[in-house]
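Each of the next two complexes has chain A plus one more chain, namely chain B in the first and chain C in the second.
And then the complex of A and B:
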């Protein structure tokens, strides 16, 4: 398992745990407060972004080089992340549009939440692509054995 | 002209034409058909033409779709587009909070943001490709020079 895969695993796990925790919070608030307020529980998913700090804990191996395969995987991961995040924002906007009336107003605080959600989905899909692509064909480190 | 460069020019022209066309229609509708401006989004339908590039410009026999250099240029262009897209998206989401405060905005702001970001992504991609190729690809001219030299 190379460094990027380790970081990706930490990211995927942190986002999954944060999402699971936020679902519990939503369920608890739905029972106690009711539903419009209970949706705010999903804000706890943002704690999944703590997975970005994985780069501080996973040591960098300086003897390795980055080859074309790594660059191709990186480009693919970014691409998949972008597509997933853009589509998720499309569905979110469509959902809000259908839930509210087309001529109605929405609270402006929804927008930063949209940014958080889209960022989290981007990070999750990007990390998942790294795991799948590196786990596909080899167990070699980045750039192979130098 | 290189095929990737041709696609970039084609995409840029289609997107900019679509924007100009939609702008004119919106002005006309705002003047004569007030209250129905939102249906002008349908005018962006011609943007589908972007995906019909292969229909209008089919790959000729012997023509190379793209090589490693083209792939590298496309990857760089996509990265530039990502950067511009994220900056615009985040600024567009944070700015209303800073300006309005704890207020409300129209629900169509999200749709407009989505459309603007998507269009901006395509425009940035096209411009980035055109700039990286140096406005006009000299590949065909270079080949002619080489062929002339060999002859």
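And then the complex of A and C:
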């Protein structure tokens, strides 16, 4: 397991834990306050972004060389992250638009929340792609087709 | 000029034509839905035309260098569109928040889909052309 894979695992775990914790908060607030206030509990998913601090704890191995394969995996992970985050925003925006009446009003604070959501989904999918691609690659024999 | 560069040029020209068409129609007083339809049709026409381009039989159709350029262009243009999305969202939030407006129309959410999309498709072709141009300047065997 290399440095990027370790960081990715920490990121995936931190986002997953934060998401489940926020689900518990939403359920608790739904019972006590009711909807739509309970939806605000999902803001706790942003704590999953703390996984970015993993780069401080996972030290860089100076003996390793970044080759073309690493660059290709990096580009693929970022592409997947951007596509997933953009599509999720499209589905969310259109879902809210269809769910509510066409001329209804929404809170302006939904805009920074959308930015947070898109960032979290990007980080999650990027990390997941790193794990899958490096995991897939490690099963191949040396010199095998990536 | 290879097939990908020809395609990128065709997309850019079709976007420019669609921009001119939409602006002319806007001045003529057409509705927003008709303008969007015209933009979509002109833009799609460029993609349809570019899909008919064939590979030069004397050239390698798509090698590792092309793949890296494609991935790099995708990465840069997605980053650019992400930045556009963040800037648009936060600018709107700052604008409304500091004017004491708490609620906005739900239509803004669907409008927010377009800026990153347009930024992505427009910047992708430009970045692709720039990367191919930079790559051509290097001698064979050199790292890009």
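Note that in this section the second predicted complex is superposed on the first by the 138 of 146 C-alpha atoms of A that agree within 3 Å, B and C clash if a C-alpha of one lies under 4 Å from a C-alpha of the other, contacts with A are read in each partner's own complex, and residues count from 1 in each chain.
Quick note on the criterion: contacts are C-beta pairs under 8 Å (C-beta built on N, C-alpha and C of every residue); 3 or more make two chains touch, one makes a residue touch a chain.
Because the structure is predicted, anything quoted here is derived from the model rather than measured.
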Which of chain B and chain C A:1 touches, first, second, both or neither: neither
Touch count on chain A, higher of chain B and chain C: C
Which of chain B and chain C A:97 touches, first, second, both or neither: both
First (chain B), second (chain C), both or neither touched by A:87: neither
Partner chain in contact with A:109 - chain B first, chain C second, else both or neither: both
Partner chain in contact with A:78 - chain B first, chain C second, else both or neither: both
Partner chain in contact with A:66 - chain B first, chain C second, else both or neither: neither
Common interface positions of chain A, toward chain B and toward chain C: 71, 75, 78-79, 82, 86, 89-90, 93, 96-97, 100-109, 111-112, 114-115, 118
Of chain C, residues touching chain A in the complex: 64, 67-68, 71-72, 74-75, 78-79, 81-82, 85-86, 89-90, 92-93, 96-97, 101-107, 109-110, 112-113, 116-117, 120
Chain A - residues contacting chain C, complex: 68, 71-72, 75-76, 78-79, 82-83, 85-86, 89-90, 93-94, 96-97, 100-112, 114-115, 118, 122
Chain B partner contacts - residues on chain A that touch it in the complex: 71, 75, 78-79, 82, 86, 89-90, 92-93, 96-97, 100-109, 111-112, 114-115, 118
For the chain B and chain A complex, residues of the former touching the latter: 38, 75, 78-79, 82, 85, 89-90, 92-94, 96-97, 100-111, 113-114, 117-118
